[in-house]
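Take this structure first; my questions come after.
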Amino acid sequence: MQMGKVIGLAIATRKDERLVGTKLLITQPISMDGSLIGQPIIAVDTVGAGIGELVIFVTGSVAARAMSKPEAPCDAAIVGIIDSIEGLSG
Amino acid sequence: MQMGKVIGLAIATRKDERLVGTKLLITQPISMDGSLIGQPIIAVDTVGAGIGELVIFVTGSVAARAMSKPEAPCDAAIVGIIDSIEGLSG
Amino acid sequence: MQMGKVIGLAIATRKDERLVGTKLLITQPISMDGSLIGQPIIAVDTVGAGIGELVIFVTGSVAARAMSKPEAPCDAAIVGIIDSIEGLSG
Amino acid sequence: MQMGKVIGLAIATRKDERLVGTKLLITQPISMDGSLIGQPIIAVDTVGAGIGELVIFVTGSVAARAMSKPEAPCDAAIVGIIDSIEGLSG
Amino acid sequence: MQMGKVIGLAIATRKDERLVGTKLLITQPISMDGSLIGQPIIAVDTVGAGIGELVIFVTGSVAARAMSKPEAPCDAAIVGIIDSIEGLSG
């Protein structure tokens, strides 16, 4: 899993039918201090996440397991909302 | 999933028989502002996408799920056409 | 598998129900000399690892195999604690 | 899938028995203009490709599907020969 | 598959029980000329490889197929020993 921040929403009327009704959140990986790193991906929301929230997302074939349609062609899903991070100091 | 722009078409007469009849679109990842990033991949079109369109594509083993032959040796597929993006300001 | 160091713990009250009860360890890849490289990921602990320990972690669909709920939407798991490394000199 | 150029051949007498009889082609990703990018991988040939040819290759678990032994431990396979590329101008 | 050089051995007494008895070889990707590139990974040996040898390794879910316990949580395995490389000149 990776830590990410939801930074946007993608609207796509024409899409695979198993993705209809999903919320497609643009999510960018973050580092330990919360700064944005890497490139944003589109993850299906499965936990009620919203723009601006810090989340846990999975990628690859296991992502679809979190959906109500686990056979969907989906390779990224948000599976948790981060409450807090405890880390090594320094 | 990733956001991408269809930038070309690959023609391949000799290919795995399960890929015959597919449209092989050269697709490059894009950032939030639509600029091309990273390197282009070849994705099977499953939603009627065309050159120049902004799309959602998946990679890995789930890509073949979007095809009419889900057992094809395919690791990238276009599964949606992006209408618009709503994002965080700044 | 990759070598990593556990550098933190993620707390997430709201998450996929198959992840409830798991310990979500923030783990960063390390090089042969133990220095941190790349970006941290969140891995489910399956061997009793703790913050500061050097571990072996797997990513992708096989990660969930190490969990008590192998159908969980999990793409990273700690599967070993590193005792020592023997390497080429120079 | 990715676009690549076959740049070599790997000879390995000792290997997993399900890889015996395969042609292991060293293949490097290419950009739209045909220049080599990234790092070479070893892909099993499934379409009769040869050194110097431009090909389409897949990676990950779907690669083995293209082989005569689909249960082989193979994560990269050449599944097409590129005839031509049509692209956006500029 | 990737070309790599075995550069070390990881010792881990505490690990997933399906990894007990495996040889965990630290393996770093190499370029065509044999120089080390990228970052080392830990791959399960399945062909009797040793430190210093040039090998072929696979990553992802297919890696476990090469093991005697194909249901192990393993994402990297050495599946061949490289005898030689034939390449394009220049």
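Think of it as A, B, C, D and E in the order they're written, each chain with its own count starting at 1.
Note that in this section a contact is a pair of C-beta atoms (placed from the backbone, for glycine too) under 8 Å apart; a residue touches a chain by one contact, two chains touch by 3 or more.
Not measured: the values here are computed from a predicted model.
J.: Starting at chain A, how many touch steps does it take at minimum to reach chain E?
T.: The distance in steps between these two chains is 2.
J.: Working from the CA atoms, figure out how many degrees chain B turns to land on chain C, in steps of 5.
T.: 145
J.: Would you kindly tell me how far, in whole Å, the mean C-alpha position of chain D lies from that of chain C?
T.: Here the centre of chain D sits 31 Å away from the centre of chain C.
J.: Please compute the C-alpha centroid of chain A, do the same for chain C, then give the distance between them in whole Å.
T.: 19
J.: By residue number and range, which residues of chain D touch two or more other chains?
T.: 60-61, 63
J.: Linking chains that touch, what shape results: line, ring, star, complete or other?
T.: It is a ring, because the chains touch in a row that closes back on itself.
J.: Chain sequence round the ring, chain C first and chain E second?
T.: Moving around the ring in the direction of chain E from chain C, the order is C, E, D, B, A.
J.: Using the touch definition up top, name the residues of chain D that touch chain E in the complex.
T.: So the residues of chain D touching chain E come out as 7-16, 19, 24, 26, 39-44, 51-52, 60-61, 63-64, 71-76.
J.: Chain E touches which residues of chain C in the complex?
T.: Going by the criterion above, the answer is residues 1-3, 29, 31-32, 37-38, 46-48, 56, 58-63, 65-66, 77, 79-88.
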